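Next come two complexes, and both contain chain A; in the first it sits with chain B, in the second with chain C.
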Partner chain A sequence: MVLLNVEHLSTIFQTSRGDLRAVNDLSFRVSKGETVAIVGESGSGKSVSAMSIMRLLDESRCRLSGKVELKGRDLLSADEAAMRAIRGNQVGLIFQEPMTALNPVVTVGRQIAEAARLHETMTRRQAAEKAIEMLTRVGIPDPRRRANEYPHQLSGGMRQRVMIAMALICRPELLIADEPTTALDVTVQAQILDLMRSLREQFGSAIILITHDLGVVAEMADRVIIMYAGRKVEEGTAEEIFARPRHPYTKGLLGAVPRLGSSLEGKTGRLVEIEGTVPDPRVATVGCAFAPRCRGAADICRLSQPGLVRTRSDHQVACHFATELVVA
Partner chain B sequence: MLRYALQRIVMTIPVMAVVAVFVFGLLFVTPGDPAVVIAGEQASPEEVQAIRVAMGFDQPFYVQFGLWAQRLLSGDLGTSVFSREPVAELIAQRVGPTLSLLFGGLIIALLLSVPFGIYAAANRGKLFDRAFTAVTVLNFSIPNFIVGYLLVSIFALGLRWLPVQGYVPPDRDFGAYLLGMILPCLTLGMGFASLIARVTRASMLDVLSQDFIRTAKAKGADRNRILFAHALKNASIPIVTIVGLGFASLIGGAVITESIFAIPGLGRLTLEAISHRDYPVIQGLVLVFSAGYVLVNLAVDLIYVLLDPRIRY
Partner chain C sequence: MSSVLEVFNLKKYYLVRTGLFGRSAQVHAVDDVSFRVEAGETLSIVGESGCGKSTVGRTILRLVEPTAGEIYLDGWRVDTVPIQGMRRLRKKLQVVYQDPFSSLNPRLSVRDIVAEPLENFGMGQSRSEIDDQVADLLDKVRLPRDAMKRLSHEFSGGQRQRIGIARALAPKPDIIICDEAVSALDVSVKAQIVNLFTDLQQELGLALLFISHDLAIVEHLTHRVAVMYLGQIIEIGDRRTMFSAPKHPYTQALLSSIPIADPKAKRNRLVLNGEVPSPINPPSGCRFRTRCPQAFDRCAVEMPKLAQLRVDGHQVACHLHEGQSD
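Coming up: the complex of A and B.
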């Protein structure tokens, strides 16, 4: 069953230096209980997509178009009150930097309880008890004491656990996690991923996981969407993407991951990097946005934007040479 | 918290000691011989010398300071050379109107500034915000004696709603006291309000752009909840700071405002003391004003701790 259906979503920021197309014609679906990873470099539009879906951008400065349906209900045309009823209730959000994402002058217990009280009728005391229960579930020791502490008194990992508790307290059907582990130490990252996996089992929430970390993707995702310069360039099951990447950008990303056992003495001797940088989104590109950085780019790539092609039932890719075997 | 409060209170003692030395020293180096002033213009040099010895003005600085400080610690601020009354008594008689004026001015300043500052920040770039910016700049640029006369000509002379000037003690007629304080407090508070309002707006804008505000939105909080439950407490530290720092200028404003409205407060006493070269009174007043300033900033430091749990000294 389709939980979230995004069709032709575009987000255009109006800046003093012209329109900035941060998300361009993005379509994807998330089914109930499924984990979909959105992967891309900084500036690829992955976070903006999530913010657009939840209508959390300052809409006096940007324009959204397309369709976003949550269980068949269009969110782009919903009014602010309807969106508030959805946020934190049907859809929970976790952000990257748990230090700045928590209010520094409010105790964590109250911040978690607030999420519950905004959507369910309950007394302050009931909400506080529920917050403590959530702190227990996200594995915070001595939750009754911790609930009365402020964010600066907790470690980074604990703060992220608090964010997760806050996002899940209303048992949302969809959890959007924007780089949930990026700001954390590696060991803490593993703990948080474990926690998210176990809570996914308990709560049955679908997850949109926004990350640039392919290690996180491999551990969590059922399906992967690769974004480049605001567009989806490839989508497939996690297995497919890791086993048979089609888009040269995806191949580049996979090549840029260090692997144990690969010889550093070999003919390359170093990690493969993707040369060049993400194009300026204010400059309208005619052809494929990745063409300037692509080693296999041909004339056609600079002249026309490749559409998404289905190469297998569970795999789509936007590249003129997707069906040919050797690219780059 | 209690320990911190005690620490902070103890820390004000050396501050006040330095202020005392400074106040005393300042008058010591001021040109003009107080003995001549006390003796009057017709006095002979012998009479002047007699007064000088009697008042201890012939002693070296440290002896004079020691005697002065000793009397100060027992609550004796000296005797006015003009009216011959004890300075402490003079100040006690006049402190009520000034405190009323300062508190009233502060309350009006806060009421006029904080709500508008918040509203302007919440509607950044819109018509209200731009009008707000223009009005605060204009208001801040007008000296407060002009504001005072303007208010008097409109509300007292024109509409005849309020008295032109004068002061009625609250224990004599509380209603008349309140009516009489409205214009002086407005005069004093309006200029200060602009400053607080600008700081409120800037501070709110800064807080509203932070990540935890986005988190609050993501939880489903509405605009008022975001403004008042999440942003205001974070934004209030700079507001409290500017109120504390601005208190000095508020005292200066009170001196002028008391003159405009003929209020028998410390400001008027200051002007009188200066025109009579009444040194003991001037010393006493500067000490009292300094103590007031130190106390206000002590309060500000204690409020910080209540507002922001991260502040621990």
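Coming up: the complex of A and C.
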């Protein structure tokens, strides 16, 4: 069952230096219970697309177009009151830096309880009990004491657990997690990923995981979307993408990451370099945005924007040479 | 081989005031750390935030004063030199920081940024002589020579990091301290800078002290690794032993926590409980014992010392391995 359907989503910021196309004609679907990773480097539009879907951008300064449907309901035309009811209730949100997402002068227990009371009718006492139950479920030791503490009294990992508790208290069908472990140390990251996996099983939530870390993607995702310069350049099942990447950018990304254990296999030669840098989104490009950095670029790449082509039933690529690459 | 950098029993304690009545307490940021870096070698210091790895780098640079210990650069004692005298030593010892946005002066041209150390250390007689050296340095870091006239803010993060590296190379140092030097960069750009460090080391015979939390990157470019936990080195040794057969339970957990970019990879993950305790009141005995799955009575009482194992100079501080030491 399709939970979220995004079609031809574009987000254009109006800046003093002209229009900035942060998200360009993005389409994808998320099914019930599925984990979809959106991968890209800074400026790829991965976070802006999530913010656009949840209507969290300042819309006096940007233009959204296309279609976003949550269980058939159009979100782009919904008013703010309707969106507020959806956020936190049907869709939970987790951000990278919990310190800026939490209120510094309210105890964490009350913040979680407040989230519960916004969406369900219950007494304060019931909400407080529910908050403590959630803190227990996300693995916070001594939850009764911790509920009375303020965000600054908690460590980074604990604050991220609080964010997750708050995002999940209404059992959302969709969880959007934007770089949820990027600011954390690896041993804490391992704990949080474990927690997200077990909560996914308990709650059956679908997850949109936005990240640049291909290791996290491989551990969590069912399906992967690779974004570059505001566009989706490749999409497939996680296994497909890691085993048979088609787009030169995806191949480059996978080759650029050193793998743990590489020295034992004698593979500490040069890493794959993708020359140059991510293009400036203010400069409108003709043709494929990756062409200036692509070793296989031909004239056609600089002249026309490649459309998405299906190379297998579960794999789409936006590259003029996608089909030839399959043969090769 | 000769040692470029030797550090003996380095300590850095900070005094902090805690609580309402301002009782003072000591943060044991670095607590009795010793290591050496040989000429042309890369030693990486790894660990999680708060383990003291950056403080080690900063004390060597004398950006913070060590509480105790001895630091030698090319055999010369660094930590007792009056701060004015550090100027001469800094020629040999350079640094590249994490954030290429805040570590370059936005008002200076790239030429002036890279030329500054050359002028400071009197490494050129005339302007044109310095310009030539700057041009050479830009070649070394693979930046176009016409970058000289431009301001640093015109460049992307990766290019700025190249400018920072050119500046660090300018006085022809023996060792560069890289403090999370590639951590802030995008994946595709990070690979470029990692390759550049490897090339430069081969070309120039530089020693690198590579401070990082990214173990996959470290494995890729290092010769030896020191693992820190709560201000102490708990394991140090060759890359091969460290990544194939880590001895300390913390190193084992740290390595197994790293997500592998392969959905089919089999994992035997050791997930640690809890988080790093406060360095204000570190646990008695072994500092890792509160999170160690294998801790036993003795760990709470006695602090394990770094001891040599029989394999190629590998050292580990853990009671579990004492039987195997010489």
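FYI, the second predicted complex is superposed on the first by the 316 of 328 C-alpha atoms of A that agree within 3 Å, B and C clash if a C-alpha of one lies under 4 Å from a C-alpha of the other, contacts with A are read in each partner's own complex, and residues count from 1 in each chain.
Note that in this section a contact is a pair of C-beta atoms (placed from the backbone, for glycine too) under 8 Å apart; a residue touches a chain by one contact, two chains touch by 3 or more.
Bear in mind the structure is a predicted one, so any value in this text is a computation, not a measurement.
Engineer: Using the superposition described at the top, determine whether chain B or chain C touches more residues of chain A.
Structural biologist: Of chain B and chain C, C contacts more residues of chain A.
Engineer: On the A-aligned overlay, A:Asn103 touches which partner chain: chain B = first, chain C = second, or both, or neither?
Structural biologist: first
Engineer: Is A:Ile300 touching the first partner chain B, the second partner chain C, both, or neither of them?
Structural biologist: In the superposed model, A:Ile300 contacts neither chain B nor chain C.
Engineer: Look at A:Gly215 in the shared chain and tell me whether it touches chain B only, chain C only, both, or neither; answer first, second, both or neither.
Structural biologist: second
Engineer: Looking at the overlay, what does A:Leu193 touch: chain B (first), chain C (second), both, or neither?
Structural biologist: second
Engineer: For A:Ala82, select first, second, both or neither according to whether it touches chain B, chain C, the two together, or no partner.
Structural biologist: In the superposition, A:Ala82 contacts neither chain B nor chain C.
Engineer: Using the superposition on chain A described above, determine whether A:Leu254 touches chain B (first), chain C (second), both, or neither.
Structural biologist: second
Engineer: Can you name the residues of chain A that touch chain C in the complex?
Structural biologist: Within the complex, chain A contacts chain C at residues 41-42, 141, 155-158, 185-191, 193-194, 212-219, 221, 238-239, 242-243, 252-264, 268, 270-275, 277-278.
Engineer: Which residues of chain C touch chain A in the complex?
Structural biologist: Per the stated touch rule, the residues are 48-49, 156-159, 186-192, 194-195, 198, 213, 215-217, 219-221, 239-240, 243-244, 253-265, 269, 271-272, 274-276.
Engineer: Which stretch or stretches of chain A touch chain B in the complex?
Structural biologist: Of all residues in chain A, those touching chain B are 54, 56, 81, 84-89, 92-93, 95, 97, 100-106, 114-115, 118-119, 150, 152, 163, 166-167.
Engineer: In the complex of these two chains, what residues of chain B are touching chain A?
Structural biologist: Residue positions touching the partner: 210-212, 214-222, 225, 229-230, 233-234, 307-310.
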